[in-house]
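First the structure, in the form of structure tokens, and then the observations on it.
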Amino acid sequence: MRGSKFLTVVGLLTIAALVLAACQPATVEVTRIVTEEKEVEVTRIVAGTPVVEVVTATPAPAEEAEVTYPRNETLYTSGKQWGPPTSWNPLQPGSYAMGVIGLCNETLFLYDPLKNEYIPWLAESGDWVGDNVYEVKLRQGVQWSDGEPFTSADVVYTFELGKLDGVYYKPLWDWLDKVEAVDEYTVQFTFKEVRYQEWGNTLYSVAMVPKHLWEGRSEEDIVNGDNLPPVGTGAYLYETHSEDRMVWKRNEGWWAKDALGLSVGPKYIVDIVNPSNNVALGLFLKGEMDLSNNFLPGIATLVEGGYGVQTWYDDPPYMLSANTAFLFMNTTKKPMDDPAFRKAMAYAVDVDEIVTKVYGNIVQKCNPTGLLPVWEQYVDQDVVDELGFTYDPDKARSILAEAGYQDVDGDGFVEAPDGSKIELKIIVPFGWTDWMESIKVVANGAQAVGINLQPDFPDFGGYWDQLTGGTFDMAINNFGSNMSDTPWTFYFWLFRNPITDVMSNGNFGRYDNPEVFDLVVELDKTPIDPEAMKPVIAEIQRIQLTDMPAVPLWYNGLWAQWNSTYWTNWPSAQEGAPKYLPCTWNGYWNMTAILMLTELEPVQ
Amino acid sequence: MRRYLGRKLLIYLLTFFVAVTIDWLIPRFMPGNPVDTMLARMALRADSAEVLRSYYIRAFKLDLPLWQQYLNFWAALFRGDLGISTWLFPQPVFQIIKRAVPYDLFLLLPAIILSWIAGNRVGAIAARVRWLDNTILPLGYILTASPYMWLAIVLAWALGNVAGIFPIAGAYGFGLRPHLSWLFIKDLLWHWFLPFSSLFLVMFGGWAIGMRNMIIYELESEYSRYLESLGTPQRLIRKYAFRNAMLPQITGLALQLGGIVAGALATEIVFAYPGIGYMILNAVQNQDYFLIQGCFLFIITGVLLANFIIDLVYIVVDPRTRLGMTGE
Amino acid sequence: MLKLDGVSKVYRVGTFGGKELHAVSNVSFEVPDGEVVSLIGESGSGKTTIGRMILRLTPITSGTISFNGVDISTLQGEALKDYYRQVQGVFQDPFSSYNPIFKADRIFRIVREEFFPGMKDQEWNGKLEDSLKAVGLNPAHVLNKFPHQLSGGQLQRFLIARALLLDIQFLVADEIISMLDASTRIDVLNLLADLKESRGLSILFITHDLSLGYYISEHAVILYRGCVVEMGSTDRLYNTPLHPYTRMLMAAVPRLDKKWEKVEVELRGKQSQITTGCVYYDRCPEAERSADCLTHRPPLVQVEDDHFVACSRYME
Amino acid sequence: MSLQVENLTVYYRTLRGDVQALENATFTIADGEIMGLAGESGCGKTTLGHSLIYLKPPMRFIEGRVTLDNEELPIWDMERMNEFRFKKISIIPQYAMNAMNPTRKIGKMTAEILESRKVSYKATLPELKRRLDLVELSHDVLNMYPIELSGGMKQRMVMVLSTLLNPSLLIADEITSALDVSTQKAVAEMLVGFRDRGFVKSLMVITHDISILYQIADSIMIMYAGQLAEKASTQVIIHNPRHPYTKMLIGSLPKVGVKHSKQRLAGIPGKPPLLLNPPVGCRFRERCPVAFDKCFDVPPFIEIEPGHFVACWKEFESNA
Amino acid sequence: MAQERPKEVRSEFLYFALRNRKLRVGLGILVFFLLFAIIGPFLTEYDPNTYAGPSAQPPSSEFWFGTTTFGQDVYSQFAHGLRSTFIVGLIGGGIGTLVGVVIGLLAGYRGGMVDEILNMLTNIVLIIPTLSVLIIIAAYLAVRGILTESVFIGLTAWPWAARAIRAQTFSLRTREFVDLARMSGRSSLRIVFTEIAPNMMSYLFLVFILQFGGAILNAATLDFIGLGPTRGMSLGLMMNNAVLWAALQLGMWWWLIPPGAAIAAIVGALYVMNVGLDEVFNPKLREM
């Protein structure tokens, strides 16, 4: 048959095309990896045809480049990567592939939110040596993966990069004066203005880049280049990537082995680009995924149902809390400009219903301050007792009534004190189903107390436009309330100022109160010491709960579920288990997730 | 003949122009803009976000007047520059598409061609075998009427999760590194099978039904009657009928191409297959103008090209177009 | 009186009209009042196109068609409607002339709606009955039926009746009997002839059959490939056909009184387009044509009273 | 006797019951005879022609016996008839213009048809070319697609193709009606030539145009409403018809040299009966000017003089 | 020659229509679902979106089709979704047919330049992948309803219909009865709609059926990929939600299977009807 011959040809051609395509990721320049101990291994794949060359520098058994990753040496993860990995540039916080900061490029410190501790990492120590001078002593013997030593020049270079347009930590230089290398392993930072909180945050979030490789690059390349293959000091080396995965391979010459006696368990980490929930759950249940940081609805059933699925807690809320979902109200619009109205809203929302029905108990109801459990110590219980709120429709009704909101025309909904009708919309992005379901609950609660609030689901673009442009009525958002080393980041987001036409991230409701803005600045300038911080925070909380510019609703979980079929000794709340964050998201590797890897053990 | 092709080419060029313009135009009228969406995703601290916002708006030249952006777009297009994706920053759109397209071709070409061939054969047989007509055809109707993604999900669940025979995601095993070996190719095909099947089945149903109906028309035609009255065996009559019934099916193939894009998109999403279907959806959701443009540019070019090829094929197989095309 | 003066029809074919097809070339003749003129030619001769141009169904490329001295190509709106009051046509395929999903008498209703909007039912019914009777139909038998319930002959009469409703002066009858059975053909033909007699109707009788033309008309025009090759009184044409084409046609007509002569009919060469020279050149018997015929198209010249021919042999 | 048809009755199945399209036809065609079959539309002449070679639903065989060259034709059996088709009995269909596969080159199609009937194309090719010459078709047509041929050319091609295996009987169904007079004449004469050259033994020419038959046929059979009315030699039918229908039919034909103003011809009033429920007896009765009581019985088709068959009671009476 | 024609054309169609198994089966399924869509929503007390009961319940006498992850009544969602499916089919298919008919008739009847332009337009819209345009449009409309979705689906679906109708019109406009109407002084527009269009009725009906089915499938795809109506309930949205909440993986087959099966059944029934009608309208295809 002519047809079948044709088919064969088509088939062969497509397969050939695909193999070529799949092999594309490997067509990177020659990757030269020199570990301090033994061999040089060069894996070179040209135009899709793998040619494996092993060049031995020092006599050592040649290791074949592996084409399969042995299951018991590989950790499969998912949850961070929402699209194909495209950048390995740690200066691109929104784009870099899973693990670039943390697995490859490391920070000076780690931060452990569970213990509220900074862990010296590339730095051996850091101290204020003057009123406005901070000195970092670097760890000696740290090497970049190409064999060059990591020195203070790299640190200075990395921070100096922040002067470039398009580098996210540029604002640092508003208050940082200069960075100097005192010696090869000492760096001094001199500040124009000391912001302790922000500095602490910076210390564990800015990842070091190798000066010797980067200094030859153009500014364009530094800011917009993909930095492939990445060279870092971290525990893992770039292995390969493709449209649906990012693969890291253990760096056998990782400095922490000698310095800290740490070694990471998995030889390979394969991070799978987030498929749909449906597929993610399917892969997870099939045991093809070890750690999932996806939001997997219904996971509670699986934890309880004996599917071998584990989470941080064995019981609700199952997950650690990672950020706070706020109900933002546009205070530039009536009636949201009225604190009484906002307060009534706070009482009208049945968060428990959201927690149980929408999330199946994998999230937790908020503390009225919205502060995450890791910041529990900063919650001023007196303020909360006095001004806190809870779900209470009657109270909501009475607040409304007292403030003059009455149902004048008898349509079941209250009118504003001036008699004008109230018709409000609450928005979340279409497709964000958990939020979509949640605002239905919010709207129902509001309607039950007589506020005509309807849920609406514009596309993300429309949602974000309304939110940042200040044209929305009410909305849910949590984008800046993430877990960090300091509640200052939380308040900096919640009370972002000044109020401008476009609020890029934070204070979407445009709550304008210089008093609280000043307090946030004051907090920033307070040294990292809970006892010093608490009074300032209490003051903020008092204003927050009095004016109620935004209503904290629930804590979104640090979605993490794993199964122990291939890897064990996962961190969890269980006694004896390691207490590190089991999370692959950006910013979590340096919040102890890397230490989780050092604890993982293959199942025998 | 030249004139015919010239006319077709003109239509294609016009279509290309219009399609690309629409493609350029529409995302720019969406609410929001790519930089804001990109920054929203980064969830940066507000001060950092503000710094980057102004930087990126300049970098992506979104501060220029629209007409200038449009001209720049065409100018860049002729240089083969599709811009840089905001969603998959900092990859050039061209690179992204180049990497994704082989998967689409691998999935779509066999699905389209095999379903077309198989559908036509089965349809042709069904047209004369009563029991097939009564069994395969109803099945064909159901298949072709099934939403692609629904069938795909059910297949994935039944054969992937419940039966555990096939993998449910990815283009090849996550524990494999691409290389040339049977192991890898086998794995590639193994992963390909389900997404391919879901596309194949839906299209197969459509072709089978179409072919059956066409064949019945052809078997009733006068040349078939003449052959019968010359005592020609059914074999030859059916052969002719089949051949001639193929012709409208070829046109049908051209008409279907646009719809197949939709099917591929849904299927790739369901099976997390790394083609451009998944890209498009995310590009739209992330308002990545440049990637949206790139993907559609590719699809439009692909569909136009396929149409053109089909036009050429048609000229070869149907003498009527070849001889009648000058309109004399 | 209907007059064609140098009428041509050129079709543009191919993409964006790249090529020209001369369907009718420079045709002039006239149909006097109360006369039947036959327009005779084979398929592709342009006879139907001429009929359609007269009926304003196809635009004229060049030349003029005038009816009672008025150039019909300029007619628009009411004037055109007025023209249709006087000039109508009947076509070859009786079944195709009716919209198959409607009843046959719908054609009358359309006429009434368009031309007699104010007429009372009774008056109209009377008028309709007269018309039907005039074409030899019994209204009771033929009204309120679907086209397929009537015979071809009845349908053609219907169409003639429709034309009569308008009190027409001129009828284009395009092969109206070629699809009818032999037994009814002659009746329709007779009807036309009678209408000419009784109403003074002018008829352009388009046919490919010389004997029918002879039967009904005083004058005939012979068309070949869009050109008039011979015309004049039917008697003269029959008795002394001058153009080789006319003679060939005469010889090819199957007659009941005479068997065909053994003259080979030249079948080749019917395909090519001829731009210069005699249109009949490639089919003309060798003996009768000259090299000149290939380069010069002979004009239509009068050879005797009421007899014109376009052949180089009769040029002087 | 080349063809013998006895009591052939064929109906058409329709929703409303059987259309009695052909009733009790009995006739013969002699070797070398060109028989014309004429009548008005719907008289059953095509049904008769088709039933001899291609009897397929909705046509329904009722009864009758057909022998060709002393061999009975299983006309009711589509399968078994295949043996005879093309080789013994062949047809030039009315739709000859569309009879060829539009997407095959004519030569190739011919080859495939021949090979499918186990006849070597190669061996036949010289003869095929000879016959193409005969019908004035260039050999190039074998390399052409049907669309490249004019109507008349396709007609001639089908003529050649249908007769290529020298069948005993050829049925030519309305093959001249769509043609110009000039082509008509050529095609008709070619048919005669085919017979003369022995490509076909005998011919049944179905047409509504009696004047064509007068030119080429040896005998003419007239049908009316599914029944045979008269059969005789051409001369007799044209000049000395006996059946009233034949007479009227011939009388209604325009003749060259007859002018309306001088000699007014007349048609046959009325129209043929519907064959779903045909009238009993002679079906022409209602239109017949000489009908009488006897005509309520079906008149037999009787040979009133050698080679002249008529089905008319009046005629039998006057003869008797 | 020609066989006798049956007396009444219309009753003949009816006769075959009633006896055509495909048509009967297809129509039966369609009517069943249509009735379901009309009556179904009244048989449940639950709103499709309220949390009516315990979550993830299998079908029971209380919740006929079970409940979703949130305890919504799947039956109610299904019934309401079915309704919007028919609405999308009617409006989307209707618009697709209407635009196709108008453009096809116009191009086919006027010919010449009008035809050239319309034909080019048709070809352009035909080649541009519909779904891609729909996706962009859908994304452009921040808030979408079922109606807007239907309209846009209709507005992108017409080209093949226009093409087919143009071809039909071409063959019809040369028929003599059109000439006759012109010779009666009828306006072109009137001729198109009173002479030509009625002759294509059966064909238009087939076109509408296919457009109807196509619109439903298109809507389902759009809904599924999350670009469906942001308000209201549809079968596609149900599937979208079921997948987003991993219904099958969590064993809630009752959430995903019914909407997809219903779409397949409805569209399948339409296709079967289409073939059945084709056989009714086209005597050649009738089984005797």
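Residue numbering begins at 1 within each chain, and the chains themselves are lettered A, B, C, D and E in the order written.
In this section, a residue touches a chain if its C-beta (ideal position, glycine included) is under 8 Å from a C-beta of that chain, and two chains touch if they have at least 3 such contacts.
Quantities reported herein were computed from a predicted structural model and do not represent experimental measurements.
Taking the definition of touch as given, a chain qualifies here only if it contacts chain A and chain B alike; those chains are E. No other pair of chains shares as many C-beta contacts as A-B. Centre-to-centre separation between chain D and chain E, using Cα means, comes to 50 Å.
If each chain is reduced to the centroid of its CA atoms, chain B and chain D end up 55 Å from each other.
Centroid to centroid, with C-alpha atoms defining each point, chain A and chain D lie 91 Å apart.
Under the contact definition stated at the top, not a single residue of chain C touches 2 or more other chains. Among the residues of chain A, those touching two or more other chains are numbered 276, 278, 282, 285, 431, 458-459, 461-462. The set of chain D residues that touch two or more partner chains comprises 41, 208. If you check the complex, the residues on chain D that touch chain C are 40-41, 136, 150, 152, 180-186, 188-189, 208-212, 214-215, 238, 248-250, 252-261, 264-268, 271.
On the side of chain B, the complex with chain E involves touching residues 11-12, 14-15, 18-19, 22-23, 26-27, 29-31, 138, 141-142, 144-151, 153-154, 157, 161, 209, 213, 216-217, 220, 255, 257-259, 261-263, 265-266, 269-270, 280-281, 284-285, 287, 292, 295-296, 299-300, 303-304, 307. By the touch rule above, chain E contacts chain B in their complex via residues 120, 123-124, 126-133, 135-137, 139-140, 142, 160, 213, 217-218, 220-221, 224-227, 236, 239, 243, 248-249, 256-257, 259-260, 263-272, 275, 278, 284-285.
On the chain B side of its complex with chain D, the touching residues are 221-223, 225-233, 235-236, 240, 243-244, 247, 317-320, 323-324.
Put simply, chain D touches chain B in their complex at residues 53-54, 56, 78, 81-87, 90-91, 93, 95, 98-105, 112-113, 116-117, 145, 147-148, 158, 161-162.
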